[in-house]
Each structure stands twice: as structure tokens, then as C-alpha cells.
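Shared between the two complexes below is chain A, which has chain B as its partner in the first and chain C in the second.
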Partner chain A sequence: MDNEKKRKERIDRGIKVRSSDVFALTSWREMLYLSAPRLLPVVGLLILSIVLSHYWQRVLLSVSVFALLAISWDILAQSGMVSLGQALFFGTGAYFAGNMNHYLGWPPSVTIPLATIFGGLLCTLFLVPVLRLRGIYFSMVTLVLPLMLVRIIEATRIFGGTEGLSGLSPLPNRWVELYLIIAVLLAALFGFRRLMNSDYGLVLKGINDNDRSVMNAGINIYWFKTQALFIASAIGAFAGAFMTHVYMFVGMPVFALDYSILPIAAAVVGGMGTLAGSMLGAFVLVPLSEILRPLGGLRIVFYGLFLVVFTVAVPEGIFHYIQRKYHQFERWVEVE
Partner chain B sequence: MLANTIIYGFVNSVILLLVALGFNLTFGISGVANFAYGALYIMGALLCWVFLNSIGLPYFIAVILAVALTAIAGALMYRFVLLRIRGLVLSEVIATFGIGLALLELFKYMGFIGFEYSLPVICDTSIEIGAVVIDLQRVFIVIIGVTMAGFIWFFTHHTRTGLRFRGIAQEERTALSLGINTDRVAMFSVSFGGAYAAIAAIFILPLGTINVEQGYSVLINALAVCIVGGLGSTGGLVLASFLIGYGQTFTVTYLESHWVMLVPLIAILVILVIRPSGLFGKHKELEERI
Partner chain C sequence: MSPSPLLKVSGLYKNFGGVQAIHNLNFEIAEGELLGMIGPNGSGKTTAVNLITGFVKPTEGEIGYRGKNITGWPPYKIVRLGIARTFQMVKPFYQLPAYKNMIIPLYSPRVKKITGGKYGDRNAVALDLLEEVGFERDAFVAYKAASVLPQGYLKRLELAKAIALQPDLIILDELFSGLSLAEVASIVPIIEKLRQQGKTIIMIEHRLKELFRIADRVIALNYGQKIADGQAADVMDSQDVKNAYLGSE
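This part shows the complex of A and B:
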């Protein structure tokens, strides 16, 4: 074989090197090179929101919700906390919004922001006692919590019990729904990407890489982990509160396994550690699951298999692959 | 009433122990948290059901085949999936969780739901202990549980393979340098864990029906017992299963059956506050946990 004497070499594209300093601002081509990846999600989402049919607009809505959950999962994972229970955040936010609307009669414009903050706080409180746990021990607890909350609601029959609360107030119209979630998704994507690249994010990533050395630097890692937890759970709680008002219903299904599995699957398929990858994963998986809908229960089987195949075969995820192709080119070189 | 609770609590504790043994074996030896454990548990039971009812094999052959096949499934899972991502905790958790999810949902899709899916009891009579009537199957479970726990202790302390198991649990690289094939030993530990899951399922599930949803709750119970007991310590495991088992039984008797799910979680939280390394855990485990 020829391959034995050659190896693949990866080199940064010239345009990447040129556009990485201030002179990029002198050339349209290089400015486009820099801005295209950032403009793509913004323009793409706006175009999609206009051209899609009514049914697919609903799909876009749930895609965005799952993308938010996946971003929240990714922030946690980057801070060294692997959650197997995003449904906890989603469900808590959903129940907060539902109860405030049902029992107090507050409109969605009040309940959604309040549910975001208080849902985030409550989830953080739930998880603070186990924050000292590392690795899979933390995952185990997050897996148990949503299942447990469902049982509590079933046992005590609070908040509508098994029937849930229905007839909640909807959002004004479908355009408000759509653009609200798109705006929040884009804000979360760019905002938290920026945050994770700042010094603050560096501390969080450091906790993931080596928590002992971050402690050695005199940083209270538990306080930072608490903050990351609040950020992530507030995002999840917003998604839950939003969906409550879209469906005009809140009940036990909000703690379903779907809301825990799909975000993880999205982050794994899309590529962890960039937030954009997690979002991309949600944009691949959720429409796929819409297409697979005729298969019924078999869909979750496919999610499971996706998780396995991607973690084993493509551990970097789609986003990192695309990013590499965008920034670098490959060529075969002789091995001396 | 109290005697009743004490005896049934004992049985419940042994059930928990039996369920946790396999998970603990895999995790304690190879460090792989097998989140597909619940799926292997249900798979063992369903295989046994298929051999008994669709093929019509005699009971003992069906049991042996089901246990063997589940063990092979565990080994294949290690060989083709876990081997490639060994040591990456996040990937291990996600991949085993994915396998478990796919298997359980596949069983659900294939329609293994309903009352006809139940395994036979070994001997359908009851005996009396004092004033308490107890069916023989529960007595069998206690015997099997004690035997299996004893076997694991004997195996890991007095056989060559068992000593290898403990070797890689203590220090994998040193074990490798002493000529132990760590990959093969780790594969055996996953496979043994699967076999234990199948045995537990085949003896426990005749008390009810084979319910796919149990795959998730079995996993949670096993996790709780392992966290409370301290990993790799059989004594801690026994003590933890008795704590949680009696906790659950007293909850059912004096409170309400809905609250049973809370017992393992409260046990986890309390133990993490008081003794983060688990009841009999060592310092090394403490380092891994916090």
C-alpha cells in the first residue's frame, strides 16, 4: 500500500492565519470568513421561521427548546458536572410557570421570567448538597431526582397530581412564540459562548480538567460550580416555562426521560464543549425524530444507538469535524 | 405485624443485595459504571421466559442458558463498545446508558408488557416462621442471595481469577506489569456483572411480572446500595442493603407505598453528608468521590 509511506498532514488555511489578526478588517473576503459561521445560525433561523409551514414551525419550536436544554447540559459538562437529568430543570421551570399561572392568575410575561429565576434557584438548591460529588456519582443523583419528583407529585397529588394543570394562558400568537424562543436561543448561544471563553469560563473549564489544581489556586470551586449550576438550570427552567405556555398544560410528562436523553444525545452527536455543537446536534436529531415518528417507540431505541455509535465512532461530534474542515486543509506527505 | 415487617424487610434487603452485587462487581473491579445494568437484568428474565414458554425447555436448562447469554451480552458490550472508550468516564456513562436505553425501549417496542410475562416460582408453597406466613420463593431468594454474596467473597479472595480481579481494581497498571491481561479481566467483570443481574432477575421477578420499567428502578436501587455501602466492600454492601431494605419496608408499612422511591435517595444524601466515602469505604474511594 502507498499509505504506509505517507501520512496525513493538517495545516491551517491561509485565510485563517491572515484573519486571526487585526488586518482582517481590511479585506471583505476575510471579514466574511470570520463572520459567516456567526451569521449562519442567525440568518438561518430567521429564514427558517418564515419559509416553514405551520407544522414545521412547531417542530422548529421544539428543536429550539431541545437546543436550549443541550446548551445547558453542555455548560454543566464543561464545568465538570455530567447531568443525566435535564428533565429536572425543564420540569421545575414548567411547574413553576404552570402554578403561578393557574393559582395566581399571572400572565405569561410575568410567569416565564419568574419561573426562569426561581426554577433555577430551586434546582440549584436541590443539587447543592451533592455538589461535592465528582464524576458519575453526581450523574447518578441527577438521574434519580426527576424520577423522584414525579413520584412525589403522584403521591401527594399536589399541583394537579396525575392529571396535571390544563387550560393555562397561551402566548399572544405563534409569531411571538417563535421569535421569543429564537431570540433566547441565539442570546444563550452567543452569550454563553462568550462567557465560557472569558476568564470566568476558564475557571469553570479548569474545574472540569483538574479540580484539585483549581482549588490549589485558592479558588472556591464549589461556589463556581453553584453558579454554573444556576446558569444551566435557569436555561432549562426557561425552556420548561416556555413550553408550558405553548402547550397550555403542565403535568407529569415534563419530567419524562425524553427531556434528559435528547439533550445529551444532541451534545454528543453535535460535539461537546462549544455550545454551538450541542445546538447543531439538536437541529439534526429533533427533525430526524419527527421523520421517524411513524416508528413509534422504536425512536428512543434509535436515540440510544445514536449515543453509542457517536461516542465510540465519532467522539468529536459533527461540529468539531466541520470546524476542522473550515479552518484547515489536509494533504498527504511523504514519511522520511 | 412487627414480626411480619421484620421478616419481609429481611427478604427485601436480600433482594436489594442481590440486585446490587452484580453492579458493584463490575464497578468495583473495572471502574465501569454499567448503566445498562437494568437492561441486562430485564434481558436475563426475558430470555428465561422465551426459553421456557416459546421453546419449552426445562426450567434448569432455561435458567442456565439465560444466565450464560446475558453474561455473553455483557462481554460483547465490553469488547465492542467499552474497550474503545475505557477510562473516559463521561463516554462510558453515556455509552452504557445508551445501550441500556436502546435495549429497554426495544423490549417495550417488541411488546413484552403484560401479565403473561411472568416467570414461574420454583416451588409454590408457603411456610410459617413463628406467626408469619412466607412463601417458599422468598426463602429461596434469601438462600440465593446469601450464597451469591458468599460466593463473590470466596471468588475474589481465594481463586486465581478472583485475585486478578482485585489486582486490577487496586492498581491497573501494576497489574498489567505483572502479566495480568487487564482488558480480559475487565471484560470478565462486566460479563460476571451481567450474569449476576440475570440470576437476580430470574429469582426475584417470579414475585411479580416482568415489567420493563423495572429496568430503571433496579438501576437506581443498585446505585443507591453501592453509594451507601462503599464500592468494592462486600460488607458495606450488605449493611447498606439492610439499611435501605428495612427503610423501604417500614415506609410501606407505616407511611405509604408512594414514598418508597424516596428511601434510596434520602439514604444517598444522608450518607454523603455523614460519611462521603460510604459506610465501609476507603480513602481511595473518597478521593474519587469528592
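This part shows the complex of A and C:
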């Protein structure tokens, strides 16, 4: 191609103009353009659930759990609360479900929903006193809380102490496990994306942007932050309760740092502020860590290297990059 | 003056550590009045506003609004009573388009109460309000992100956010600072329109000429104390005010 005569032209599609009207129904192409990004995760997950081997199905469970934690982290971050302690939500939900199953003998169909709600409430209660803290001060408290809970369990030997509680009821079979987590993940993704794009979500984002200005609009920001906190902790608590019944075990590892750090890495790699990006990040990072497993100890080195290269090369995150490209036309035009 | 003032500040003190920002401040404002508040830099004007709107808690003293003691209330409750303010340093949500900035005040419980829970299309209400303060609808200024708007528009946006709350008392903290003469001239009619609607307004200003043209009454502060109170001309004639601005011999 003769580069002197042609140049690349780039046009951004007006997304708003195209999508918010009935005009989307004018052609199949238009409808596909709008629905493809939404259908992709649904169809993709359903296909994956069928074609994957037993081992990779287990990986998919773990990926989905981390995706939920990343979504939970993203919701908090968008509301101006940078959390370093998703393990708190995960662990609280896990222990709630484990104890209800072990001591009261309730089945998973009861313990998982209850653990989601009460785990969410308890975590919210833990963090309400520090809601006034901003930035790094809030983060520090969220980092410390799960570490404290582990030590309390270790020292007082409650809830099985260092041994944990084992022999808990499993979910009926692996298909129930798989489709339950896929359904919840998709519901969380689409539901909370819609919520964050509503006027309610706008208030939450406003708090992140400028909390005094939101206060000045007659809105009680602490009440809104509490609600966001409950939503995020309930998502994390569900993930914990679910994994408890998958592993049929709950113990101190549920408060491990992995559950706090990996969701943040996923959100950064995938792209913050969209929920979809955070989920995508989990779907890249967790399988990558599995693929690198044969490398043994060197795994972490390559994993770390990948993270560094990635954050430098695509700092906006995968999702933002794909989204931008999707809405752009590029073509070669003649230069006069 | 009407028997019960809209806002009554009595015996107000505020210390920041050893600094006395406000020292025994007393003043009243009647319904429908436009009160100007002047004073040299650091004289406590903005602190007075922060005290009235609840962003700062007073060390001592009382603030009454419509006969209700609102001292030490949190800002969001004070806004719900009908006191709205603008910030001297504009505080927009930079990421959002200008009209989306308006959604947050429009979402507040006060607006919900006034409109009986029916907001209507908030985007449309936001665009109407912005047009009122001078966002030209034809030029689509309201759709631009706040981060790219010039200072003049940000000040108007700040004003529109206060108006959106449908307040009875509006406190404008140096609305005119950093604006050109032409921009000030275009905002003055908006303020006059608010007065016709019966709103009470407190204006903090350094642009004395523009302020005196519209203010009913002016109070002057220095070192957190009121040093003059009355008609604009009388206040400027006061020896204390001259000393405060120019220094005494």
C-alpha cells in the first residue's frame, strides 16, 4: 500500500445515539452490534461449562469466585472505598455457612442464602465505624480485620480452631455447583452494572469523585456508603459460603491474603469501573496461574512478570481497550 | 425587619487550635433579603458559611433557622431544611458531563419531598436548569465533561447545583471570583431572578462594586468579628472597615 497517498482514519461511533432509541431495531446488524457484547459472557460461560474437562470445570468454579470478589471490589472502589480485604467478606460468609451446616445441620440451600445476607450484614457492621475514613486509612482497616479474625479463631479455638470444620454437606452434584455459580456471576454482572449506571449509582460514583459536594446536595453519604458496603460484602460472603460447600471444609485459609489481593489484580488487569473488566481480569489471571503450575516455584516469577508487563502495556485494562476498539471504525482513506 | 428572622447567628465562636477564626459573631437575616458579607482575606467569611451549613462545628454559640436550633447538625440535614451553598473552590464531579452533575442534587431527599416523589425525567430537568444559568442548549455545552469546562461555566454549574435543591436560603461563597466582568454581568440577572422568586441570599464577595449594586445590607468581618453592619455606603464609610482593608496608621 502506498502510504503517502493514504492515511488511516478513525471514527468513534456515537454509542448513546445508537443504543438508547428504538432505532436499534431497524436492522439485524444494529441489533447484533448492541447485543453481541452482552451475549458473549452468557454464551461463552454456557459453552465452557459443557466443553471443559472435569479438572478445568473446577478451575472455572474458582475463576467465577474470584470474578465475584473482583466485582465486589470494583463496586466498593467506585463508591470511594478502596478495600484491601475482600478476604474479610469471603471468610465471614464461609464461616457463617460452615457453622450453620456443622452445628445446626442446615443444608446448603439454606446456609448459602443466609450466609450471604448475615455475612454481608456482619461485615458491614465491622466497617461502619470506619466509614468516615478515606483513602489509605480505610484500606488499612480492611487489610487488618481479616488478619485479626484469623488470630481470634486460632487463639480461642472457636469454630474448629486451627483444624477448621470438615465433612460439611456438599452441593448435590458438580453440575449444580457449576450452574449455580455461573447464574450468580451473570446476575451480579448485569444487575450491578445496571445499578451503577442508574442515578443511584451516579450518587455512589459522586461520593468517590467529591464527597463534600454530594453531602452538599442533601445526601447522607454515610448511608449510601453503608448500602454499597452491604452489596459488596454480600457478594463476597456468597462466594465464601459457596466455596465452603464445594470444598466441604471451612478453616483459617478462607481469610488468606489471596482472596484480598487477586481480586484487585483482576480489576486492574481487566479494567476498573465497569465490573465487566474486573470479571474479565479474573478470567485471565486465574487460568494463567493454573497453566503456569508445571513451572513449580518459578510460577510466581512469571506470574509477577506478566502483571508488570501488562500494567505497563495496557494500563487502562483489557476491557476498556476492547470497548474502545469495538466502538471505533478504522479505515484507509485517500489523501488529496 | 420581620419579627422572626430566617437565620439568626448568635454568640458564635470557632477556634482552630489557637487561631480564633470566628469570635463572637452575631447577625440576622430576614426572609427575602440579600445580605452581602465582606472582609479581607482570612477574616472568617468562609468559616462562617461552613459553620452555618454544618461543614464545621462551632466551638460555642447558636445558629437558628426559622426558630429551629441547627447548631452542629450534619450538612445533609441542613440542606434538607432548605439551605444550599456554593463552594468558593468549585467542586464539580469532573468525570461526568455537566448535566449529569445535576442529577446528584436532583436525587436528594429534599427534591423528592418537594416534588412528591415524582422527579420526572431528571436529565430533562437538569438540562432546563442549566439553560437557566446560561449553558447554551444549542451549543451542547451541558453535554461536555466538567473537566473540560472553563471556570465561568463551572461557577454557573455550582450555582445551578444549589438552585436544583430548591432552597429558601442560598449562600454564595465568592461566586464572582475568577470571572470576567462580562461573565459577572451575565450572572447578576440570574441572582436577581432568584430574589424575585423570594429566595433569601447571602453573598460573600471581594468584588465590592458588583455586590453593592444588588445587596440590601452588608456586613463586614475582620479577625472573625463583625465590624460593620448596614447599608453598603455606610459600611464603606466606617472607619473600622477602612482600617481593616487598608490598615490603620
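One rule holds for everything that comes next: the second predicted complex is superposed on the first by the 289 of 336 C-alpha atoms of A that agree within 3 Å, B and C clash if a C-alpha of one lies under 4 Å from a C-alpha of the other, contacts with A are read in each partner's own complex, and residues count from 1 in each chain.
Just so we're on the same page, contacts are C-beta pairs under 8 Å (C-beta built on N, C-alpha and C of every residue); 3 or more make two chains touch, one makes a residue touch a chain.
All values derive from a computational prediction rather than experimental measurement.
Once chain A of one complex is fitted onto chain A of the other, the partner contacts of A:151 are limited to chain B, with no touch recorded for chain C.
Judged by the touch definition given at the top, the superposed model places A:305 against chain B, while chain C stays out of reach.
Of the two partner chains, chain C is the only one touched by A:213; chain B is not. Of the two partners chain B and chain C, it is B that touches the larger number of chain A residues.
Contact with neither chain B nor chain C is seen for A:58 once the two complexes are overlaid on the shared chain. Contacts of A:261 after superposition on the shared chain: chain B is touched, whereas chain C is not. After overlaying the two complexes on the shared chain, residue contacts for A:143 are found with chain B alone; chain C is out of touch.
When both complexes are overlaid on chain A, the residue A:327 reaches neither chain B nor chain C. Contacts of A:193 after superposition: neither chain B nor chain C is touched. When both complexes are overlaid on chain A, the residue A:174 reaches neither chain B nor chain C. Once the two complexes are overlaid on chain A, none of the chain A residues touched by chain B in the first is touched by chain C in the second. Contact residues on chain C toward chain A in their complex (touch as defined above): 53, 55, 74-76, 79-80, 84-85, 87, 91-96, 100, 103-105, 107-111, 122, 161, 164-165.
Residues of chain A touching chain B in their complex: 77, 82, 84, 129-130, 132-137, 139-141, 143-145, 147-148, 151-152, 154-156, 257, 261, 264-265, 268, 296-298, 300-308, 311-312, 315. Chain B makes touch with chain A in their complex at residues 33, 81, 84-85, 89-91, 93-95, 97-103, 105-106, 108-109, 216, 220, 223-224, 227, 256, 258-259, 261-262, 264-265, 268-269, 272-273, 276, 288-290.
The touching residues of chain A, when paired with chain C in their complex, are 199-200, 202-203, 205-206, 209-210, 212-221.
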